[in-house]
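Next come two complexes built around subunit A: one with subunit B, the other with subunit C.
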Partner chain A sequence: MIFNLYIFDRSGTCVYYSEYHRPRKATLSQDEEFKLTYGMLHSIKSFVTRISPKPVREGLHYYKTSTYKLNYFETLTGLKIVLNTDPGVGDIHDLLQQIYSQIYVEYVVKNPLCTPGEKITSELFETRLNALITSLPYFAT
Partner chain B sequence: MSRQLRVPDVKRINSELFTLTYGSLVAQLIKDFEDDEEVNKQLEKMGYNIGIRLIEEFLARTNTGKCQDLKETAEVISKVGFKMFLGITPTVTGWDAEGREFSLMFDENPLTEFVELPESHKQLRYSNILCGVLRGALQMIHMKVETEFVRDTLRGDDATEMRIRLLEILQDQAPPGED
Partner chain C sequence: MVVFGVYVINKAGGLIYGQELGATPKLRANDRLTLASMFHSLYAITSNLSPQVQSSGIEVIETDTFKIQCKQTLTGTKFFVMSDPAHTGLDALLRRLYELYSDYVLKNPFYTPEMPIRCELFDINLARLMEQYESGRALTATF
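Then we have the complex of A and B:
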């Protein structure tokens, strides 16, 4: 099951958020939730880097609780894609990479009307992203 | 252990179309601004705006990981970046003692294929857009650099040389607000 997706830009702004399944609504405002999520990811990232016994190549991939799994992908430019899924979903690093290279780069970066650092409002981007996500075998199960 | 430098397959277009389009852009800028220095500035700025987008395409296509040092960055720029977008491989040379500065030597330059600079535009740095592209792209991966064409065959020099100077490594931004 896919729950929701966040895209953060390099300065920590949530430029895109989409909800697919989310039975339990958050108890705080969306803006606060974005800030909190970004802050937590930032902390985990620096924690992971500092505590690692070996030189860090990629850092955080995911974390898991009994109810969900948070999948994390970051590019060298600081774009972060966060996808919450069922804890049973396997390694989806490739999927996140695909969202970046085939959807974000194609329909946001190459769209001159999308300004870097601003909320993504392109419908084409949204359509393509939803098509990819809803086609996943574990989208609704 | 040196990294495998793989240049990905990308769609190609006719380089003449590209060269001529760039040529008309420069010609228009000269008409609009009349001052060579101002044209150089505008070209750099346009390049910067291209660079900050181009880097995403580059990273998405090549899957390049983080570079260990500027030497590696230089290699990737010349052998993967320029190869992928312009089909050329400028030579990396001219390192300073601390390894924070280097030059890219352009034996060929697709931008200038049909160009002759008239005497009246000796200050024009025709390919200045490339400086901006590099600055923009590197800034997006946390490197603040200064780029400049120090020699240009179009201006009668014996070679075309771009100098790249690393100013600082930018830090990751902390989350705003609370500490």
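Then we have the complex of A and C:
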């Protein structure tokens, strides 16, 4: 099961958010939730770098609780893709990389109408992303 | 050494036991304390941010260099171990760790709950458990 997807840019603004399944409705306003999520990821990142016995390269891959798994992918430019799935889903690091290289780069970076740092409004981006995500075998189960 | 470190956090978020094992570089005592309380708050936030109802906090964190597995008891004490990312089967280790904690810490009349663990028997048995674990033998009670 795929719950939701966040894309944060390097300065921490949420440039894209999409919800697929969400059994528990948000208790905070959307803006507050983005801030809390980004802040939490930032702390996890610093926690991970500080506690790691060896120097980290990519850092966090995922964390898992009893009911969900947060998959994390960060590019060298600081773009962060965060996908929440149920904890049974395996390693989807490649999928996040694919979202970045085949969808984000193609339809946002190469799109002259998208301004960096602003919400992604491109319909083409949204359709392609949804097509990819809904086609996944674990999308709804 | 596949297990890098073992930590116990009390219900208020204070580190009551922490140790890096074998050749793992030692953290400074101060860093260890801040990292433990950081983990405690991350645990609380992650359970709050869940898209699913009634989530626990972090159970596993995986990065390219290590993995952390955490278990929280009903009374709010958290145990977490840090190991190699490819390693599986930390569940059993955490369960045995909890057993040692209940046997040699909680049953120790000189131990004050929620305070740092300074119990010789716990140290000895933990060392024995780790030795047994690293050698790949099944974790059974041998005491």
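The working rule: the second predicted complex is superposed on the first by the 141 of 141 C-alpha atoms of A that agree within 3 Å, B and C clash if a C-alpha of one lies under 4 Å from a C-alpha of the other, contacts with A are read in each partner's own complex, and residues count from 1 in each chain.
To be clear about the criterion, a residue touches a chain if its C-beta (ideal position, glycine included) is under 8 Å from a C-beta of that chain, and two chains touch if they have at least 3 such contacts.
It should be emphasised that the depicted structure is a prediction, and the values quoted were computed from it without experimental measurement.
Novice: Is the arrangement of subunit B and subunit C around the shared subunit A a clash or a fit after superposition?
Specialist: Subunit B and subunit C fit side by side in the superposed model.
Novice: Which partner does A:K35 reach: the first (subunit B), the second (subunit C), both, or neither?
Specialist: In the superposed model, A:K35 contacts subunit B only, not subunit C.
Novice: So, A:Y100: does it touch subunit B (first), subunit C (second), both, or neither?
Specialist: After superposing on A, A:Y100 lies in contact with subunit B but is clear of subunit C.
Novice: Please tell me which partner, subunit B or subunit C, touches more residues of subunit A.
Specialist: C
Novice: Which partner chains sit in contact with A:H61 here, subunit B, subunit C, both or neither? Use first/second/both/neither.
Specialist: Touch status of A:H61: second partner only.
Novice: Which partner does A:R50 contact after superposing on A: first (subunit B), second (subunit C), both, neither?
Specialist: second
Novice: Which of the two partners, first being subunit B and second being subunit C, lies in contact with A:V109: first, second, both, or neither?
Specialist: first
Novice: Once the shared chain is lined up, is A:G88 touching subunit B (first), subunit C (second), both, or neither of them?
Specialist: Touch status of A:G88: no partner.
Novice: For A:N4, decide between first (touching subunit B), second (touching subunit C), both and neither.
Specialist: second
Novice: Should A:G117 be classified as contacting the first partner (subunit B), the second (subunit C), both, or neither?
Specialist: It touches nothing on subunit B or subunit C.
Novice: Minimum Cα separation, subunit B versus subunit C, post-superposition (Å)?
Specialist: So the smallest C-alpha to C-alpha spacing between these two chains is 13 Å.
Novice: Which positions of subunit A sit in both the subunit B and the subunit C interface?
Specialist: 57-58
Novice: Enumerate the contact residues on subunit B facing subunit A in the complex.
Specialist: Subunit B residues touching subunit A: 52-53, 55-57, 59-61, 63-66, 140-142, 172-178.
Novice: Would you tell me which residues of subunit C are touching subunit A in their complex?
Specialist: The contact residues of subunit C facing subunit A are 4-5, 20, 24-25, 27, 31, 35, 38-39, 41-42, 45-66, 68, 82.
Novice: Any idea which subunit A residues touch subunit C in the complex?
Specialist: So the residues of subunit A touching subunit C come out as 3-4, 21-24, 27, 33, 36-37, 40, 43-44, 46-48, 50-68, 70, 84, 86.
Novice: Within their complex, state which residues of subunit A touch subunit B.
Specialist: 10-12, 35, 38-39, 42, 57-58, 75-79, 97, 100-102, 104-105, 109-110, 116
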